[in-house]
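Listed after this line are the structures, all set down as C-alpha cells.
What follows is chain A paired twice: with chain B in the first complex and chain C in the second.
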Partner chain A sequence: MQPHTDPFSATNWSEPEDGFSTTFYEKYTSQLWFPEEIPLSNDAIVWKSLSDAERWTYIHASAGLNALDTLQGEVGMPALRHLVDGHIRKATIQFQGMMEDIHAKSYSLMNKTFLTTSEEREVFEWVRTQPQLQNKISIIMGIYNDPDVSNLGLWKKMVVSCMLETALFYSGFFYPLYLAGQGRMVSAGEIFNLIIMDEAVHGVYVALLAQEKFAEMNEAEQAYALAWYEDTLMRLYRNELAYTEMLYAEVGLVDEVKKFIRYNFNVLADNLGVERSFEDEEINPIVRNGIKAKGTTHDFFSAKGNSYSKIAVEALTEEDMDDIWPEPRRVTRKEPARTPLLEALAHD
Partner chain B sequence: MQLIFDTLTGNTRRFAHKVADLTGVEVVALADADPRAPYLLLTYTFGSGAVPESTAAFLGQHSHWLRGVVSSGSYHWGESFGRAGDVISAQYRVPYVARVNKSGNAEDVRRVADWLQTHAANAAD
Partner chain C sequence: MERWIELNNKVLSGTEINTTYDTDALQVYFQEKVNPNTVFFHDLKEKIRYMTENGVWDPSIFERYSYDEVQQVFNRAYGYKFRFKSFMGAYKFYSEYATMTPDRSRWLERYEDRMSITALARSSNVEEALELVHHLVNQTFTPATPTLMNSGKANTGRLVSCFLLQDCTDNLNSITKTLSFVAELSKGGGGIGVEVSNLRARGESLRGIQNVTKGVMGVAKMLDNMLRYADQAGQRPGAGAIYLSVMHADFMDVLSAKKIASDEDSRLKTLSVGATIPDIFMQKVRSGEDIYQFYPHSIEQETGREFTSIDWNSEYQELADNPRIRKKRVSARRIFEDIAITQGESGYPYLLFEGNANRANPIPNVGKILMSNLCSEILQPTRPSYFHAYGEEHKDTIGLDVSCNLSSLVIEQTVESGDMGRVVGAAIRMLDDVARSTSVTEVPAVKRANDEMRSIGLGAMGLHSFLAKNELIYGSEEALDFVDTFFAAVHYHARKASMEIARDTGFVFGGFEGSRYADGSYFEQYLVKDFAPKTAEVAALFEGHTLPTKEDWAQLVRDIQQHGLAHSFVMAIAPTGSISYVSHASASIMPITEKVETRTSNKARTIYPMPHLNVDTEWYYEEAYDMDMNRVLDTVATAQRHVDQGISCTLFVPGTSSTRDLQRYYIQAYLKGVKTLYYTRMRKTTIEECLTCAV
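What follows is the complex of A and B.
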C-alpha cells in the first residue's frame, strides 16, 4: 500500500460521479434477499423423487455455480473495486461482491438440505478436480490477477466478469430452470431466479463501466480489444461445450444447453455494445417457463426478484411515532409490553 | 413516421438503427425529439417492469402523435419482461408492436418493419 498523497475525501451522494451508479446501488440494496428466507422443505421431498441422473446434474450444476460465485465475491469484485474510480462506484461494486457471497451460500444451503454429509463432501471434491470448471476459473482468474491496469487491462477484467455472469453461469442455471419450468424443485427454483435477477443487473452495470473504458481507448487499442474478446470468448465457449457434455449427457439435454449458452453470449454482446457472436436462436420453452414461474411458491416473498422487493422504507411521521409509543409526550406514559429481553434488562 | 428512441445502455438505439437500415425511416433520440407528426416510440423497461422516467416525462408532453410502442427488456425479468411496453400501450391506447430482448434479433426487426409498412399503407388510405 502506498501512502496516499491527496487528501482523502468522503462519499458525496448529492453529487454522484455519473448518471447511473446511484440507481444501481439502490437497486441492489432494495432487492437484497437471503437464502434462509426461502424454505426448501418441499423440495427436499421432491428431491427424493428425482432419478439418480437428475439429482447428479442438478447438484453438480449448482456446485459449479458455487465455485464461480465464490470467485466473483473473493477475487473478481475486490479487483474491480480496487481499480475503478469513484466512491459510489466502489461502494456499488463492493455491494455486488457481497451479493456473490450470498449466492454462494445459497448453493451450499441447497447441498446441506438435499445431500448427506458424505455426498456433500463428494460434490465439493468434484469442484476441486473437474477439469473444465477449473479451466474456466483459471482463465478468468488469470485476467483478474493480470498486472495490466491500463484502460485495456481494466476493460478486460470487466469483460471477463460480464462473461461469467451473463453467459458462463447459464450452463449451470439451465437445469434448475428446466425443472422449475415443469413444476419440480420450485423453491430452489425461486432462489435460482433471485440469483439470475441479481446477475442480470450486475451484468448491465459492469458492462456499462466497460463501455465507458472502451470509449476511452484509441482505435488501435479498440481493434486489439475486440480481437482479444473474440479469442477469449471462443476459448471459453469451447470449454463450456465440453463442460456441458459432461454435465448434461445423462439427462439428454446437451444440445438445448448449448443453445442457451449461445443465446446468453449474445446478451453479453448486447450489454457490452459489441457484435453478437452467434446466430439467433430461441430459448427452450420449458426454461422460459421456469423463469416466469416466480413468486408462486412463497407469496410472502413474492415481491422480491422480478417481483420480490424489500418492503419500501418510508420516513417515520409524528403519527407513526404515536402508533409505536402511545402518547409519547406524556411524562408518565404507559409502559410498553415487556418482552423477555426487556424483562431481563429490567431485572439487571 | 419517425422512430423516436430512449436508451440507457444502447440496446434500444441499436435496435432502432437496425429498423431504420431496413426501412429508411428516420431515427431521432428522445432528447432531441419534438414530434409534429406520427411516430413509433422505442424504449426499454426499468425498475421492476417500469417505464423509464425520461420516457414517461416525454410522453407527458408528446403523446399526441404516438402511434405505437416497442420496448426492449431482458428475458430474465420473466413476467415483467418488456412491461414498459404494456404500460404505455394500455395508457395511450396504441399497439405494442414488439417486445425485444436487449438489442433484438432479425425477426424483431422484421416485425417492426412490417408494422411500419402496414401503418404507412393504412395512413395513405
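What follows is the complex of A and C.
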C-alpha cells in the first residue's frame, strides 16, 4: 500500500473520479436485497420431490458458491478496495464486498431451510474437502495475496475477481437456473437470479477498472499479462471441467454445464477487452433464458480420448549413476560359504 | 439412482471420514436389494436339491459327504454371523461372486453358501471342509477369483485363470498351436503370458531366402487380435502379455508398438508387453556402453542354440565377437530410456530382471526362468514345446508351461488369528486341491506342468491396511521388520505344509532331486539367523505367536530332504483386485492409491474408504503417489527374500515425473534384488488393470 503522503480527504460525490463508478454505485444500491425477503419455504415440498441426485447437485452447487462468495467478500474485495485509488471506487468495491457476504448468507439460508442438521454439516464438510473447489479457491487466493501491487499485479487481482464473478460462479448457477426454468425450486431460483444480477454488474465494473490498468502497461507487460491470462484461465477452466463432472455427473448435465462455462469465459473476455478463448456454441435454452444472451460453437476440449499421456524425457546422468549405483556391481553369484548347519545336513 | 449407491457416495462428503454413510449403504443394500431378492429355501435339503437339480451345484460333491456332514459345514459357516465391513465388499461379492438365477434377477447363494460349497468342493473329507470353511468365512485367506467363483459349480469355468506359455517356438506349427492355445484359454477368461524371444527377428531368412521374416510383431499382432476375438462370450476381452528379451533384435519394434505415436497398424491395442532384462544389459547401462541386440535365427544357424538358452552373463561377449552372427549395436542407456518413455506413456513394458529371478531360482535343475505372467508375480522355469504338422503329432515335444494356482492371505486376519501355521496350512492344502483338480488338457504343456510340478502361489493382501490399523508407517523400519518377520513365517509354514503333503501322499514334484531344496542351500538364510521381530512395535504385533526359529528350519530342511516337497513353488504375491474389497483389505502389499477410493462401474459409482480409515489411522494412509517409491521397493525387496516366485510391484509416480525418475527407480529395484516391476502408474493416468489375474 502506498503511504498516504497527502492529508486525508473526504469523498466528493459531486466530482466523479471517472465516468462510471458513481453509476455503478447507484446501480448497486438500487439492487440491494436481503434473502429473508424471499419465501424460500415455498420450495420445501418441491425439494422433497427432487431425486437424491438432483438434491445433491443443487445443494452442493450452492455450497460451492457459498465458499466462493465468502472468498470474494472476505479476501477479494478487501484486497481490491485497498489497492484501487479514489474514494468512490473504494466505496463501490466495498459495497460489492458487502453484497458477496449477503449472497453467502442466502446460500446458507437455503441449506438451513432444506436440509437436516447433519446433512447441512455434511455439505459444509464437503466444501472443505472438495478438491476442485479448494483448488479453485487456492489459485485465486494466491493471486489476491500476491505481494505484487504493480499495474500488472493489480490487474491480475482484478482479472481473477472477474473470472470468479463472470465465469466460475456459473457452474454453480447452472442448475438452479435449469430447474427454475422448468418451474421447480422457483423461490430459491429467485434468490439465484438476484445474485446473478449482482455478479453480472460486479464483473463488468471490475473489468472496466482492469481495462484501465491494462492500458497503463507497456507492450512487454501487456504481452506477459495476456500470456498469464490465458494460462490462468486454462488452469481454472480445466479445474472447472473436473468440478463440473463431479457436480453434474449424476444429473446427466455435464456437457451442458461445460458449454455454459465456456460461454461465460467468453463473456469475461468481452468484458476485459481481450480475445475470446473459446468458440461460440449453443447453450441450454432454459438457462439462456435465465440469463438472456446467446452464442454458438463446438466443443473445444474434446481432446482425443485415450489413457495415454506424454512423459517428460530427461536423461539419466553420471551423477545419478554414481549416486544410486556407486560402482559397477559384480553379478556373478558368489558361492555362499556353507554354514555349519548346512554342512551337517549335507552329510546326513 | 439406487439408494445404497447414493448413501455410499455420501462417504466422500466429510473431512472426518464418516463411515456411517457406508454402513448405512451396506444396511440398505441388504434390506432393499439382497434380502428381498434372494430365493428362499425352507431348509438346506431343499436348497441342495434345488441347486443340484437345476444344474447350479455339482452333485458329485455331495457324494463324498453325508447329509449330516454337509449340514455341519453350512451350520459352521452361518454360525460365525459374518458381516461385511464395507458396502463395497458386499456389493462386489453379491454382484460378482454369488450365483444368481440365469436371468440375474435373484440370488441363489448367500455369502455363507458360496463359502460352504467352496469348502466342500475343495476338501476331501468333512474335517478338512470344516477347517476350510472356518478360514473362508472369516477371511484369513481368500482364494483367487476363479476359485472362489467357480468352486462347486456344475457348469463350471476353470479354477485358475492365469497361464504362462513357452510354446511359441520358431516354426509355423508352434506359432499356430500357440494361437490356438491362447484362444482356448482366453475364451475361458484366462490371462496368458507368452514367451516369444525364440522367434526369429524381422528381416531374417526363411528357408534360406534372406530378409523375408516378419518378426515378433507379426506374431504379436495375431495374439493381440486373437485375445480380443476369443473373449468370454462377449463379457470381457481376453488378456495376454508377451515377454521378449531386451537382447532380441525386435525389442524396439515391440516397444514402439505400445507408444502413443504408433499408427494403428503397428499398435498392440490390448496385448501387454514384458521386457526380460539380463544382468549384462544392466551393466551396460551402468557403464554407458553400447550393447548388441541379436537375431535369433542367425544365432541358431551359427551355434545351434535357441535364443532363450543363451546365458547372457557368460556367453554375451563370445556372441558379440562372432562376426557370423547378425546383430545390431545400440546404446544400452538409449534403450533404457525408451523403456521409461514407453512406460510413462502407456504403463508398459513390465520389467523382468532375469538375473535377480534366476539367482533366487530354487530349481535351476529344471530350467531357467525366462518369463512371467500377465501380473508379473509368477516366476518359474519353463521349457519350450515343439509342435509339428497334422499327422506328425507323434514328433511333438511337450515342454513345461505354467498354470497359476493362487490365493492370498489377509494379513490382518492371519496375524490376529494367533496361529499362522493353521492359516497357512489350510491355504496350502486348498491350493493343493486346486492344483489337483485342474487339468487343462487342451494345452498339454500346462497340463504336464500342473501334473508334475504342481506349483502353487500363496500371496498376501492388506499390508497397508494392517500397518495403518496398527499405526505403522508403510515402508518404515518397523513396517519392513514386520514384512520380514511375517513372510519368513509364512514361508516356513507354507513349505512345511508342502512337505507334509509330500510325506502323507507320497507325491513329490518332478525335479525335486537336484534342486536347491534338496540340498538345503535354498533355505540357508534361515539356518544362520532367526527372523524374529527386531523392534518392540512389531514384537507386540506377534505377541502370542510361535515364530519359527533356526532350529525349526533345520528340522524342516531335514524333513524336506527326507520326504520331498509336493510343490515346485509355494508362494507368489499377486496384485489383488476384487477379492481385497470382499476381504476388507488394501490391495496386495502395495500402498493405497487413495484414502477413499472411487470405483466407477457401468452402473454405479461406488466409494470405498480404506479399511479402518478414521482420524487416527488417516495419517498412516499415505497415498502411493506421494511416496518415495524406494519405500515400496524396500517393502517388496524385503518380502521377496521369503517368496520363491515373484511379487507384483507397481510403481506409482506423480504426473510430473520424468523418464529419469523412472530409470532411477528401475536401477534401484534391480540393485535391491526386486525380480519384476509391473505397471508404472502416473497419477491421473488410467491404465487397464490386470483384471484376469487379479485374484
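The criterion applied here is as follows: the second predicted complex is superposed on the first by the 283 of 348 C-alpha atoms of A that agree within 3 Å, B and C clash if a C-alpha of one lies under 4 Å from a C-alpha of the other, contacts with A are read in each partner's own complex, and residues count from 1 in each chain.
Everything below uses one rule, namely that a residue touches a chain if its C-beta (ideal position, glycine included) is under 8 Å from a C-beta of that chain, and two chains touch if they have at least 3 such contacts.
Because the structure is a prediction, the values reported are computed rather than measured.
Participant: Does the superposition put A:Arg288 against chain B (first), chain C (second), both, or neither?
Facilitator: first
Participant: Between chain B and chain C, whom does A:Glu250 touch in the aligned arrangement: first, second, both, or neither?
Facilitator: In the superposition, A:Glu250 touches chain C alone.
Participant: Could you look at A:Met234 and tell me whether it touches chain B, chain C, both or neither (first, second, both, neither)?
Facilitator: A:Met234 sits against neither chain B nor chain C.
Participant: With the two complexes superposed on chain A, say which partner A:Ala242 touches: chain B (first), chain C (second), both, or neither.
Facilitator: neither
Participant: In the superposed model, does chain B or chain C contact more residues of chain A?
Facilitator: Comparing touch counts on chain A for chain B and chain C gives C.
Participant: Figure out whether A:Ile196 sits in contact with chain B (first) or chain C (second), or with both, or with neither.
Facilitator: first
Participant: Looking at the overlay, does A:Val149 come into contact with chain B only (first), chain C only (second), both, or neither?
Facilitator: A:Val149: touches no partner chain.
Participant: Thinking of the overlay built on chain A, is A:Gln211 touched by chain B (first), by chain C (second), by both, or by neither?
Facilitator: first
Participant: Which chain A residues are contacted by chain C in one complex and by chain B in the other?
Facilitator: The overlap between the chain B and chain C interfaces on chain A comprises residues 306-307, 309.
Participant: Inside the complex, what are the residues of chain A that reach chain C?
Facilitator: Chain A residues touching chain C: 51-53, 56, 121-123, 125-126, 128-129, 249-250, 306-318, 320-321, 324-325, 328-329, 331-333, 336, 338-339, 341-342, 345-346, 348.
Participant: Can you name the residues of chain B that touch chain A in the complex?
Facilitator: Contacts found on chain B: 8-11, 14, 48-49, 74-80, 101-103, 105-107.
Participant: Where on chain A is chain B touching in the complex?
Facilitator: 20, 193, 196-197, 199-200, 204, 207-208, 211, 266-267, 270-271, 273, 280, 283, 288, 291-294, 306-307, 309
Participant: Where on chain C is chain A touching in the complex?
Facilitator: For this pair, the touching residues of chain C are 1, 3, 6, 9-10, 12-16, 18, 260, 279, 282-283, 286-288, 313, 333, 336-337, 340-341, 343-346, 355, 359, 519-521, 524, 527-528, 550, 554, 557-558, 561, 605, 655-664, 667-668, 671, 682, 684-688.
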